[in-house]
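There are two complexes below, and they share subunit A, which is joined by subunit B in the first and by subunit C in the second.
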Partner chain A sequence: MENYILPPESLTNEAIAARLTASARNGIEDGSVKKKNLVYLELNGCSGNIISLLNGANPDFEYMMGSMVNLVYSNSLMAAEGEQAIDRLIKAMDEDYILAVEGAVALRDNGLYNIIGSWQGKPLTGLEAAKMLGEKASHILAVGACATHGGVSAARPNPSQSVGLQEVLPDKDMIKLPGCPVHPDWFLGTLAHILLYGDPETDNLGRPLMFYSTLIHDRCPRRPFFDRGIFAEKLGDKTCLFKLGCRGPVTRTDCPTRQWNGHVNWPIGDDTPCIGCAQFGFPDAMAPFISYDTTRVVKDE
Partner chain B sequence: MQNIRMLQQQVNSLISQAKHDIYTISVTSDPTAKQLRLQRLWDALTSIQFLNELLASHAISSISASSNGPAQPTMPASQPLPAPAAYPELTLPNQTFTIQELSNYDGKNGRPAYVAVGGVVYDVTNNRAWAAATHFGLVSGKDYTQEFASCHAGQKSILATLPVIGRLV
Partner chain C sequence: MSKRIVINPLTRISGFMEVEVIVDQHQVVDVKTKGNLFRGFEQMLVGRSPFDAVYFTQRICGICSAAHSMASSTALEDALNIEPSEQGRYLRDIIHCCEFLQNHIRHFYQYTVPDFVKIEGNTLLQADHNDFRLPQKVNRVISQHYFESLEISRLAHQMLAVLGGKAPHNHGVFIGGITTQATAEKIVHLDSILQKIAKFIDEKMIPDVFEISRYYPEYYRLGGGYGNLLTYGAFNHYKDIKTLYVDPLVYTDNGIQSFDETKIQEKIDYSWYKSSSSAYSPNDAIPEPDRKKEKAYSWVKAPRYNDLPFEVGPLARLILSGDYTNGISAMDRTIARALEAKKIAGIMKTLLDLLIPNTNVQKKYELPEEEASGRGLVDTTRGALGHWIKINDKKIAFYQIITPSTWDFSTRDEKGYLGTAEEALMGTPIQDPENPVEIGRILRSFDPCMSCATHVHRPGKEIKTIQVF
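Entry: the complex of A and B
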């Protein structure tokens, strides 16, 4: 806390990221920071988090690959395929590695609803892979809504009986990065923190405080409208979206200040309510995402 | 015109407060004080932004009024605040509700949103955690004694912030 950087040093996202990446690069060059192996496992989900990660800017994905970690396995991004790919996944366990998992773990029929490859002639289920790799990993990151608490994969009626990663690894410490998808900065920033300083400080739900400590509502540029009871009546209105079902008041992320797409925009900045995608229980607990039939002020009453 | 003067004064006082906060942040070494000042700076900036919108809508409406044309619809910001008297029943504190009566207060079509916990009926219409009269999959107009106990056990302070409407019988 005492090492705050105060003006006149620039505090923009880009400037902070530049300082972080510079210190990481220096650390790698002088040998005080070691590049670690990263296994990025995709289980029962839509691969939205890895697509989001490819949009990362602070640092970008290329930098992560080249300088921060050795990406030894990724369902989507590696060149190897079939048994050869799974072979690399198994061999990764011989060394120290950080495990990042996106997607939920499908439990139904012993995990057969989510097969990620075949190993020694038998199908390798996501359930087996999560348990096997989770037991040996030095750090575990649950990336995105599905991995942290089941998310969309576990939404009612949940035919695959999907659960979050912690359910199959109940005794392991893991850092949880909810969001649908996760912001590239939340993932890359947490990864950088692990390499530079070790595990980041987390709340009682395992979320890094540096990204998940503040309610969207408390940093919302439309907060003065809420405080004065001025509410939007339809999408596109520039006032508070609370009456349409905005979940900003219960969702803890830094979207209002960090923003998305290389710090260009975010949902409320584009006149749509927050749907609470980074909230545990999303999507079922956050429904309805939008409501036109609610407690708005009726003038003729 | 008087309104515009008042808004201008508010903006000016917020700016002086912000300047003072910036000075304090740059000299203090107490991290808690820094956090508080940063928070207040943020709030001051959002309020300035809001007042700026108000001033702009004032300016637009005065231009359209002076040009004799039909008045353009302005931002809702210039509307008066909704009066609490819009729902007369809100002012009766010891009203009693049956569970069927409570179900009418579901927050739909402009109706207020009430929920019961431990036999007391609370108004959640404007509660920040009850957007669209729903809260983590729960809809208003029901008795949530069990649900409150399972999620917020021992957190009676949450209930203390809600306006009490009456009792569930």
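Entry: the complex of A and C
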């Protein structure tokens, strides 16, 4: 085979991620990749990331939870309840595990604004669970905007004093998957990489480059309209949405090409501005999400 | 002697809930349902652009994000005197139908089924109790459907994304209706997915729910509660086609009556909030969070209608619309969810057939110079959802939200009424105090969403630091 010249493999990030996931699946099936335990913690948030993960396909969630990893804890899905559920969480620490966390960590009143269970007769706060599980995990994934940087849970004035996971585990390396919610491919592709090769290559903010290395603006199908100065005046228009507040120019992720929900659509394809949900600082730094006033100002110039 | 049972967390719900019951002689004699997470959305919204409320409030809940965009859009329309066109309403309600379907299918299979069916092949889905009664063959079939349903609920979200851009947290629902246009291609795409989902509901979901009910018949007698029912109306008030489902109604001992929104109040007697007044109207709220409040036990407040607690959700709607007559219980709720899924699929088909392709319903909207206020009352998957907004100086000055789970999982109040779900648990026989499966089964029949139910509002002033000892 070494003497053959093969056709070039596609080098797009999407193609690399797809091959990666396929390799993980093959490795799992032939036994060369060992299943790891996965603890999925939901903290102070909307539980939207687990719902997004259920929307994953190729591989789907069933494959992930049954074949890629042993999913040992998930508040949304597990059959056990009460102290029996928390027992499973505590026992998970006796073995090697990957920790995935969605939702922010609420600091107010020593974490009492987010209690995730009872343990030994006392409330177990999200803050305690994050620290306890984070210390012993072999890999940590911060899943979704609230876990990566506080996100919506930390929106001004932040009544619950919510913060991203890194803030309560300052010395721990973690992979950050911002987005509201996380795209299932970003999570599953990252998990596949960990199983096959360990941590993926990340940028300076901890985001996997294979999903977060390109600006939305650079690959937007409406970019030609921007370049020619043709701008939408209202939602529903088919031209560039920049003047309605689009955050594509500052948001680094692969939405334009990956799209959502089986690749059927995405926010800009729905004739609305990107609101920068996958950008650090969302939502406050990305607000206002929709602004009609900019169009008027430009016209007046 | 009495025994105290605490379940924390109640898993397979959205968000975090704790339930504490006192059992005496194998019967529940006291109950407290507690919402255990708090973010403070109403306060976050103050000062933001009113247009941003639609996408921002979706983030309250990843399960019913479209519901919040529905209520937020209609509240804004009310405040800005915008009347969506009939096509705009159909289009928006189609997106809402998609979320109904995803929610009901996922709730039944991923959240309810593991209570009654031993799901084979995955340790996460192994329960610790042994009250499983289905014959092996039936158990295997429904166990398979648990996994099959993941694809179906995924398809429901895919449908949602066709017009909504993405799910959860769609971009399509907005004032005026939806943001994009429904091309003929999109309409056919939606219809083809809907057929697959409707087939699954008819052939698997509904038979499965009745199969389970055959082996757990006592749940027709458990979980009834007060029996007060409320709906803000669902798929109703269309100009040409009037009502496809149910109008705003309430049911009490006095029979069925029209809903009167001025009778809604919220109480915080036993909630972790402080205020100069313990009861107030939804557009007049003043409490701030107070985790130290002694007799309080939950972040969920206590909405009341005419001073009474009410149940909201699929069962309330089906009964009030006259489509379901069997009764009120945990099992009736679960059956109603499956039957409603079928009804919603039919409604969505009706709406799709009414669409005119390529209708553009968006405009360039402007905010008024003067003060404005509005409210959006929408029945959504879990029941009656209300958003109230006030706009001043072109910014949100006030926002209030009462969610379906606030109605169903409220605290008790000083008049002696328990919350709806609390009352539903009273008197429940507990066969095995070490594995009190009855409690979770009854509570999950209400489809709890604690992410939605915990809120606070106080405009302006800085939050005081509260010491914990």
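Just a few scattered comments:
Quick note on the criterion: the second predicted complex is superposed on the first by the 269 of 301 C-alpha atoms of A that agree within 3 Å, B and C clash if a C-alpha of one lies under 4 Å from a C-alpha of the other, contacts with A are read in each partner's own complex, and residues count from 1 in each chain.
The rule is simple: a contact is a pair of C-beta atoms (placed from the backbone, for glycine too) under 8 Å apart; a residue touches a chain by one contact, two chains touch by 3 or more.
Keep in mind the model is a prediction, meaning the values are calculated, not measured.
Of the two partner chains, both subunit B and subunit C are touched by A:A287.
By the touch criterion stated above, A:L71 is placed in contact with subunit C alone, subunit B being left untouched. Look at A:G236: by the touch rule set out above, it reaches subunit C but stays clear of subunit B. Legend: residue contacts after superposition of the two complexes on their common chain; A:T190 is shown touching neither subunit B nor subunit C.
In the superposition on chain A, A:A106 makes contact with subunit C only, not with subunit B. When the shared chain is aligned, no partner comes close enough to touch A:T202: not subunit B, not subunit C. With both structures placed on the common chain, the touch criterion links A:T148 to neither subunit B nor subunit C.
Once the two complexes are overlaid on the shared chain, A:W266 sits against subunit C while remaining clear of subunit B.
Once the two complexes are laid over each other on the shared chain, residue contacts for A:T21 go to neither subunit B nor subunit C.
Touch counts on subunit A: comparing subunit C and subunit B, the chain ahead is C. Common to the subunit B and subunit C contact sets on subunit A are residues 237, 287-288, 290-291, 295. Interface of subunit A with subunit C (complex): residues 44-52, 54-55, 57, 60-62, 65-66, 70-86, 106, 108-110, 112-118, 123, 126, 151-153, 155-160, 162, 180-181, 233-237, 260-262, 264-272, 275, 277, 283, 287-292, 295.
Subunit B makes touch with subunit A in their complex at residues 22, 25-26, 29, 31, 34, 42-43, 46-47, 49-50, 53, 75-77, 79, 81-82, 86-87, 107-113, 125-126, 128-129, 131-137. Listing the residues of subunit A that touch subunit B in their complex gives 1-2, 4, 6-7, 217, 219, 221, 223-226, 228-230, 237-239, 242-247, 249-250, 273, 281, 284-288, 290-291, 293-298, 301.
Within the complex formed with subunit A, the subunit C residues making contact are 6-16, 18, 36-40, 43-44, 47-49, 51-52, 55-56, 59-63, 65, 106, 110-111, 114-115, 119, 121-128, 147, 150-151, 153-154, 157-158, 160-172, 174, 179-181, 189, 289, 291, 360-366, 440, 451, 456, 462-463, 466, 468.
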